[in-house]
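In the two assemblies presented below, subunit A is common to both, partnered first by subunit B and then by subunit C.
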Partner chain A sequence: MSGGGTSGNIRRVLVFTLARLAALFVTVVIGVYLTIVIAHGGGELDDLRKAQIRSEISEAFAMDDEFRDLTPEERNKLIQTEIEREETRLRLDEPFIYRSADYLWQAINLNLGHSEQMHSDGGSRRVYHIIGERLPATLLLFGTANLLVFFSSIFFALFLSRRYGSRLDRSVVALAPTSAAPGWFYGIFLILVFAFLIPVLPSGGMVAAPPPVTTAAYALSVLKHMLLPVAAMFISSIFISIYSWRTFFLIYSSEDYVEMARAKGLPPRMIERRYILRPTLPPILTSFALMLIGLWGGAIILEQVFNWPGLGTLMFEAIGHRDTPVIIGAVVIFAYLLAITVFLLDIMYAILDPRVRLEGGKHS
Partner chain B sequence: MPETLTDTLLRVEGLKLHYRTRNGVVRAVDDVSFDIRRNEAVVVLGESGCGKSSLAKALLRIPPRNTQECSGKVWLNGTDIMGMNEEKFRKEVRWSEISMVMQAAMNALNPVVRVGEQVAEPLCLHRGWSSERALKHAAGIFSLVGIPNDFMRRYPFELSGGMRQRAVLAMALVTEPSLVILDEPTSALDVLTQANIMNVLKRIKREMGTSFILITHDVSTSSEIADRVALMYAGQLVEFSNADDFFRNPAHPYSRLLMASVPRLRQVIRPEHIPGQPPSMLSVPEGCRFADRCPSRFERCVKNPDLLKINGDREVRCWLYEKGLKS
Partner chain C sequence: MNRFMTGLRQIGQYPSAMAGILVILFLVGLSLYAVFAIPYRQALDLWRGGEIWQDHPRNAAPAWVNWFRLNNLPSTIIVEKSSADVESENFQGWSRVRIPLEFSYTYDEFPSEMNLFLKSRFQDKGPFIRLFWETPDGREILLGGHRPRLSHRVALSQDRNLERRLDAPPHMALLSLPDDIDKRKVLKGDYRLVIDAVFFEEESSLETKFISYGRVHGPAGTDHQRRDIMVALLWGTPIALAFGLLAAVGTTITTLIIAATGVWFGNWIDAAIQRITEVNMILPMLPILVMVGALYSRSIWVMLGVVVLLGIFSAGIKMYRAMLLPIRESPYIEAARAYGAGHSRIILRYMIPRVLPVLIPGFVTLIPTFVFLEASLAVLGLGDPVLPTWGKVLHDAQGESALYNGYYYWVISPAFMLMLTGLGFAMLGFALDRIFNPRLRSI
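Up next is the complex of A and B:
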């Protein structure tokens, strides 16, 4: 029953919301902790790091003329103190399991700390700055491409579902396997054609060097640089996306209530809006939200091919440098974004679909 | 050409609906002709798969996607509605003149729109009413079909099967169309609800002067409301008679066997079954389509007979009634 007291309803909604939040939080904590353990190699990485510190400090002493005159014993003693100091600074003298709890606490509090080796272009070693510097580039490129693909494929899929079996429909189905190749694959060809054979567009980067001074010229330059990577991503995913949405709409447009709407004499536009799109809004929304958070992280190879200064490249470098704070920082932010998205989706579902009840089936 | 008889509401001539399938063409409705008078209930009987539901879809011009051919002539009040363009047909015929209760009525309601809005929707659409006015009018129809008015604010999943069936019926009646096609409106319901809905239909027929095409395989329930009976077999009409004649004295051999198969309450007569199966709709025989199962089969049956008029207004597709053979 949809009835019940208003105050009771509010309490139910509140309890549901809190329970949901708690569950999501636990998920985030588990995910982040696993990342911390994995990024540290379950503590195995400590030995590696200790050896690294030892060799770096010994080398530094060997190179330094100031210590030339010391006896080997004295020098070794100095080196040992220096190593111990560095190990204490990085807290390598404590067992990993204790440190991991601390790391978890800091990560959950979004206290992402400092990187070990990497730094931002501005020279900062704060993980926030390092990630924050790359984020806009990734969001711009992947946001543009994915939004384009998403909306054009839904629009086109609806159009095709009305023309099931037509020549256009069949050719889209036939073109779907083009998506087997990733975006960077098409990127290489696009660069070859449009940057070298017919040199009209830049082959890589995000903005011309030196960067244009006026905002308009800067924007235009970024736009020109974006064209090829966006096109590469668009080509690689548009057909499979249209194909799957078209099949999705075909399934839902053979529902009995759609046929009924047709018999009722509703105009095709209205049938599409009220009887096909409206009931299927929850899954469409889910796919949209997951697409949005999928932007986070970018794509490593595509960014490499187009020399795009995004998060994909950053993660690649961070893994190469074993810069755990950067890796963990990125994962923590992603985990939070994912949790918030799922939470918002839960609420949206309840608003959009009357069948989704709070207790899951506790209706008449 | 159709003679515009004042009491003829719908006249169908040579209606065809053929489907394309992997195995060939299925002739679900194959050259069906009949007429329906004002304020008349015609029951279309037949086994599953004989083309009853396809007939309904062809009349409302909502053929499924795999349709190969949907043709024929249909006149409504003397107007050719098959020749109309789609837009004109949608605006002037669908729901304003002919409405329909679909076979899968349980699933015929949009799950995310309140029942009242769905029932009132055709009024806003076809009469341009405001939604308040439409809802107010719909409330009257809800009472007529026996749904409490506060159910209008509910969603379909909050209604029982019987209530949903009534809601779909209310939707079909809300624009007061001259013809309502009911495709198995009660087959998924328990007997009490069935009886209830049949009573509602009878009342509406009496009070609103509506004509009905009731498609069913349930002989007993249909006898409640039928004025005339059309019996279909393998995509064609095999008998079209007054209900009294049909139920008391079925003419076609298939009709006779069908009536003998209906169980009666507390009688010692055992219901008979008809041996054999209807022909595959993919390859219908050249001759009479019932010949294989017919006990009265004779040499004439290698050709398919036309509908023959007997006793004035009965029509039978059987060589037994050819002039001179049987009086």
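Up next is the complex of A and C:
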């Protein structure tokens, strides 16, 4: 490449990068705003909460003996001021449109604020603490399961693509439809078998109660509790994963250049590494990255079935409590993570795939 | 379409496809049977529960459980008789009737419960009754006296006085020899529950119904509200199929039309569609559904609408777009344009039909995804409030700790139906994939 060409290239790459960043940011903003509107019921939830505040305060006044001597007018006036104060505190007196814009601004700045009802086990009401407390549990469980599925399926798929049509290959193809059922579904069966019929493993939770004191015993207990959920996710996704990677590798191994390499007499290992894995690297990385951000949020229902104290359970509880700051907090972080991943993938593609690198400026 | 027909003809060569088709046909047949055997209104009434189910046992296992057991679990025994069927002695102003309710008990295990239902007719002064229990070995046990209201239930197995007197739960003690009760051994033979009634009015009468509730019931068992789980298994089928099919059709068709529109018009329309798709990818599907369920409505049709709405701009658009882009440039489209075909005609009649065969496998495999989505929502407690569905049975089972209490059938039967549906469609879909995407076959 000549000097002039390089600087032109850099400018083009910069423009492309900035445009992509801007587009992703707008996407995040819109996505988060939609979530805010939905979580507030498009503002309709306000009436519900106002009615709730009114009844709670009236109740409190009716129960309190100190207000018994007041005349009804005086009492009503007091109740009214109290209601207004509460509504001002929760900012229910402002129109929803203004408030939603404010929520959006705070969310985009990752200023997640305080929860309305929930609190962390440590007692904190800051959304960061509430989410941060659940994050390790989710990452541990889903990270283990997904990494296990990802790597074992890729290695096994490579192995199968070499033995196309063998009995093992055909049985994996035949087993692929079992992945129609989600992990929690297999979880129920595993709980039935390994926690009740043959009671060897705990049916749910993350650690035995009371938690073991020593670190080693604690880790062992967590490991024991992880076994069933990890197995459930593994069973539900391993066959379809092997199947699709195997098909993918088969398509690439029938390309002309692979035939050419074979004809040259290159050893199979080298063909696999240089001629099959190298060109399939971008899709593999994409699915790896998407899997990684998929960890965020875990899976509501699997965590519910196994009583796992992760982000999915948190989300479910937050929705149950109508605790909008927590819901929005979780979604905002997910949106940012997704946007960053997509952006990194774009750049990675440009590095790994020469075709994209050349067309990057003109296209999209 | 020719390719489509030849593809369909090849299905016979794939055993898994045939198995999938058989499963789907079975499910469709089951749905039709359910809809005709139990009309919609009746299904809702049945699933609401309550008095309709008072003759059914609580948490009874399915009848087939007995095939795997050495000692048979009892079925429900119902003995009915009215005072009009038996002779009575009439006196001045009052009469006395003995109503014997006879049954033979031949099971190895005790029943789960025993109840006596009385319906009496009187004007001012109701009858008075005394209950006697006669065992095969000739003992007679007084169960107590009652003054029944118009509709009265004598809960024999929950009678604390009787339990203290017999030193064991009545529904066990009454069916065994006094020495055997600790061994939990049933005394088989003919039993009699005699209702000795005294009427104080001429027009008075009494209808009696004795129920010894079994531990097994029907092909699917019953739940904690005595409801026959079979109702939900049967009616769950058409609901699951309808939900899965409508959601799959709704999302696929709309996505396809939008992708084709974007490709055809290009420029800013295409760009806008792409950006909306990216926004949609950020929205978390399940949490939104949970929010809709928690905040607005849990109706299955509202859920269906939201699923379709969120599915319109799904990631599939990118794939369809890649498929449609080359088609846009093909000569036959140019020909259509030359004869003056309009935009919508080109999109709907020329572009979409071309890619349909390739999409059919994915469409078929999409159906069970939505069936399981509905079940997931139901298991989270966001199932339709009135309809009986498989997921709601699972939810009830979870709520009542079915696994902990050993009611395995309660979990296994709806799970089996879900698995059957999932496998049926997935097997067909995977086989169709190999037929319609022949690139894989040539390797």
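Just a few scattered comments:
Assume the second predicted complex is superposed on the first by the 346 of 364 C-alpha atoms of A that agree within 3 Å, B and C clash if a C-alpha of one lies under 4 Å from a C-alpha of the other, contacts with A are read in each partner's own complex, and residues count from 1 in each chain.
Assume contacts are C-beta pairs under 8 Å (C-beta built on N, C-alpha and C of every residue); 3 or more make two chains touch, one makes a residue touch a chain.
As the structure is a computational prediction, the values presented were derived from the model and not from experiment.
Aligning the two structures on subunit A places subunit B and subunit C next to each other without any clash.
In the superposed pair of complexes, A:Ala39 makes contact with subunit C only, with no contact to subunit B.
With both structures placed on the common chain, the touch criterion links A:Ala19 to neither subunit B nor subunit C. Comparing subunit B with subunit C, the partner in contact with more residues of subunit A is C. Judged by the touch definition given at the top, the superposed model places A:Ala263 against subunit B, while subunit C stays out of reach.
Residue contacts after overlaying the shared chain place A:Tyr164 against subunit B and subunit C alike.
Looking at the shared chain after the overlay, A:Gln304 reaches subunit C, while subunit B stays out of its contact range. After superposing the two complexes on chain A, the shortest C-alpha to C-alpha distance between subunit B and subunit C comes to 5 Å. Overlaid on A, the two complexes show subunit B and subunit C touching the same residues of subunit A, namely 164, 254.
On the subunit A side of its complex with subunit B, the touching residues are 1-2, 164-165, 254-257, 259-267, 270, 274-275, 278-279, 352-355, 363-364.
If you check the complex, the residues on subunit C that touch subunit A are 16, 20, 275, 278-284, 286-288, 290-292, 294-296, 365, 368-369, 372, 375-376, 379-380, 394, 398, 403-404, 406, 408, 411-412, 415, 418-419, 422-423, 425-427, 429-430, 439-440, 442-443. Contact residues on subunit B toward subunit A in their complex (touch as defined above): 60, 62, 64-65, 90-91, 93-96, 99-100, 102, 104, 107-113, 121-122, 125-126, 153-155, 157-158, 168, 171. By the touch rule above, subunit A contacts subunit C in their complex via residues 23-24, 26-28, 30-32, 34-35, 38-39, 41, 45, 164, 173-174, 176-182, 184-185, 188-189, 191-192, 195-197, 203, 247, 250-251, 254, 297, 300-301, 304-305, 315-316, 319-320, 322, 327, 330-331, 334-335, 338-339, 342.
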